[in-house]
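The following block contains the structure, expressed as structure tokens.
The letters A, B and C name the chains in turn, as written, and every chain counts its residues from 1.
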Amino acid sequence: MSVVFESRFSFTSERRKGERRRQSRASASTAIVPREERQTVGAAAVENPRIRCMDVNVYYGSKQAIKNVSLDIGSHEIVAMIGPSGCGKSTFLRCLNRMNDTIDNCRVTGDIFLDGQNINEQSIDVVPLRAKVGMVFQKPNPFPKSIYENIAFGPRIHGLAQDKTDLDEIVATSLQSAGLWNEVKDQLDQPGTSLSGGQQQRLCIARAIAVNPEVILMDEPCSALDPIATAVIENLMIELCAEYSIVIVTHSMQQAARVSHRTAYFHLGDLIEVGATEHVFMRPMHQLTEDYITGRFG
Amino acid sequence: MVTRLEGHAFRRFDGALVYLHTEVLAMAGLVLEQIQLALESFRTQDQEILDSVCRKEYQVDGLEKKIDSAITQILAREGPVAFDLRAVMAFSKAVTDLERLGDEAVRIAQLSAKICSGESGFSNTHMLRDIGIMGDHACSLLTEAIEILETLDLDRARELLVRSDLGKEFCTSFRILTSYVLEDTRNMRYIVNVVMVLKSLERIGDHARNLAEYVVYIVSGHDIRHRENDEK
Amino acid sequence: MNKPSGGKRVTADRVNAGLARRRAAEKRFRSVGLLSLLVGLAFLCILFFSIVSKGYTAFQQTFIQLDIHFDEQFFGTETEHALEALLSADYGGLIRKSLRAQFPDISNRQQLRQLYDLVSSGAVYQLRDRILADPGLANQRLKIWVPASDDADMLIKGHIKREVPETARRLSDAQIAWLDALEAEGRVSLKFNTAFFTNGDSREPELAGIRGALMGSILTLSVTLVLSFPIGVATAVYLEEFAVKNKWSDLIEVNINNLAAVPSIVFGLLGLAVFINIMNFPRSVPLVGGLVLTLMTLPTIIIASRAALRSVPPSIREAALGVGASKMQTVFFHVLPLALPGMLTGTIIGMAQALGETAPLLMIGMVAFIVDIPTGIFEPATVLPVQIFLWADSPERAFIERTSAAIMVLLGFLIAMNALAVMLRKKLERRW
């Protein structure tokens, strides 16, 4: 009940957020937070966030998949979301570009601000939103078309290119940014599906950045890749975060530890802990986080 | 609060950590025995003790190597984080401390042999009284630190750190012994040996404190070493 | 965990003991499968053998060579009405004259009629067409091959047995003797039966062809294809990609699935009631046939198309939506091209089904005896399976082989359509 109330009067929710932040700072100096506590521990808010989520709830039918999650995504940072399967991290990720709209009985409440605009309002057109918030999926999913067409599709439907040379340039720069240009520049007419898994995933990243987004969401982008391809993608992510904000969902804690600036731990729909990655992995503040990252879960 | 090392979803990791812990405790036990033996020699005047202390030193060195390789293996294979990582790091440091403790025990035993053989001058059991008192204190401190290391008890560790400091006792004893030297400078050689034993005992106290600090680090994640420097 | 020390051995022994039984069971299962495959193949072979063995002779036709003198007096003198004269000339007389010349000793009227019966009644049109094509032939003597009557044809092909008593067969001893005489002169010969492929239906078996039925089938199927493919695909796309899933869409889905199982004759009745009685379309025309078959084929196409759409991995849709494509752009640029091979296959299979359909067409009057070859969808026509049905019903012996031949043609078309489906699938199918 209070969810609707809060989202309508964001002033109230801001104040309560402040309280929570003070609480979490207080808890940092004391002992580890016990398992039963479900309030978010750590600094969920940052200065000048790219995306600010406030009290987001997601329901699949009557089942609540995300419970009152507030989390900011800063500019030029990589935020990793970890947690056991079914904890809602992917669901939360898909709220950020409204991909949950494609699921029939899914309902999202709360406020998600991107550049001061609440993107969770029904009146928001998802097409420009998804151009601003790109997405890379778990399984590399290039279109069964040529490499060129894969990249050109987005700019073309959004009308980003004036003419053919413009489009060629967008394709080239996107592939260069994704570190794929040197490998495919002579075979742009080859089908995207003929590439290796890691190359396909980089093609998908190139496709996402071809529409010049502000935020890139990655849903377990390396889970289908071998360690070398994973390392290439991770390097790429670190390079890309100079220009974009990146949110990555991953099951590999090592990956989260390696690439991210901040780590958020989800547990059964609750955002349990969020903080600087080195702190989360050296000295987690919540017992659940500790249990999960040291492998004592369940 | 008592923390357990076990409980991983991956059970081999449990085994590896518990093994590491047990080996560290075994090493600590050996070192404690060494120190107790060395201190015993002041009372019994037994010349053989130096040998058995040195023999134990070999065992301690062997254990150190064994534990170090176990730590490397855990780091390589399990990729510990958070609590586990802190535990492994702290155990690794504890091993260094324990090895130093062993060295101190050997030094005490050597000094005891010198003092008791009378080669450094006449024997005055009165002067050895402080060694007895401080030695008992150091031993009980170390025993407690080892117990804390065994149970990973954060509260006891903090409590121990508050009360234990052999520095003051050393200073007091040092002042008394200095007066002996001023009394008769021929005591000099003898007194220096006794002071060195006392210094060793002080260091044993410091190492015991270190062990307690490691436990605090393992359990709470706070690095409380060198607090006094931070405060300055 | 704590098994006795011999645990592994015991397990191994038991596994080995059961191994023979398991292998035997496996072998049995495989041989049962193989057997059923063989039975199926055998039935198929019997079917094909029976059809081909009965039907292959229909592709040949007995011709009799006659000496024809295009006598000028038949056509009258050179006048400006030459064409009319040519059209109305008595070609039957020419043939009769030629036959009489061949067998001068027959004078009995009854015997003469029997002699004339050896030549097909269609021979006169052949002569007429010949002279019309080349009027210069007038007043010339020509040796011309004219089709024999169906009875003579049957005798030459061996379907009428000489051993049968004269009263029990359709040819008299005299007719057989004349045929033998003609054959001895080399005037009887089996030639390729072009008439079978160029003529429409006829009461005379030797003149009956499948051209009319084939054209009717093609026209009907064209109507069906033009209507059912776009409607079916559009329906499938809407239901699968755009419609909100609720109990109404479930109801529609159940009904579509049920519709696919409705007996085809019901569609025929529906067509009769709606298209002919209410909408007053003419009977027997490919338009109505096509409409009825569209109704019948739609569920098949919709179901196949939906399956094809569903088999497109959701990751492709997500990828397109993820770069900001609208729902329609996603469907048209990415989903539809991937689903198209499956849709086409479904459509072709539906078309093949429609091609073989008889019952609904009987209801809307496409069972009529139609000699003319239809050229448009508003002309009365019949279709191949109905033609087969009609011929199978006819009493003449010669229609048996024509029935089988028509079945062979129909099967040929079905195989060709299925092959096309396979080819399209191979060609268009893309991996993802």
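Note that in this section contacts are C-beta pairs under 8 Å (C-beta built on N, C-alpha and C of every residue); 3 or more make two chains touch, one makes a residue touch a chain.
None of these values were measured; they are calculated from a predicted model.
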item: Chain separated most widely from chain C, comparing mean CA positions; value: B
item: Chain nearest the overall Cα centroid; value: A
item: Cα-centroid distance, chain A relative to chain B, in whole angstrom; value: 50
item: Interchain centroid distance [CA atoms averaged], chain A/chain C, Å; value: 61
item: Chain centre separation in whole Å, for chain C relative to chain B (CA means); value: 102
item: Chain A, residues touching no fewer than two other chains; value: none
item: Sites on chain A touched by chain B in the complex; value: 31-32, 253-254, 257, 281-284, 289-290, 293-298
item: Sites on chain B touched by chain A in the complex; value: 1, 7-10, 13, 79-86, 220-222
item: Residue ranges of chain C touching chain A (in the complex, touch as defined); value: 244-245, 313, 315-326, 329, 333-334, 338, 430-432
item: Chain C-facing residues of chain A, complex; value: 97, 99, 102, 104, 126-131, 134-137, 139, 141-144, 153-154, 157-158, 191, 193, 204, 207-208, 210-211
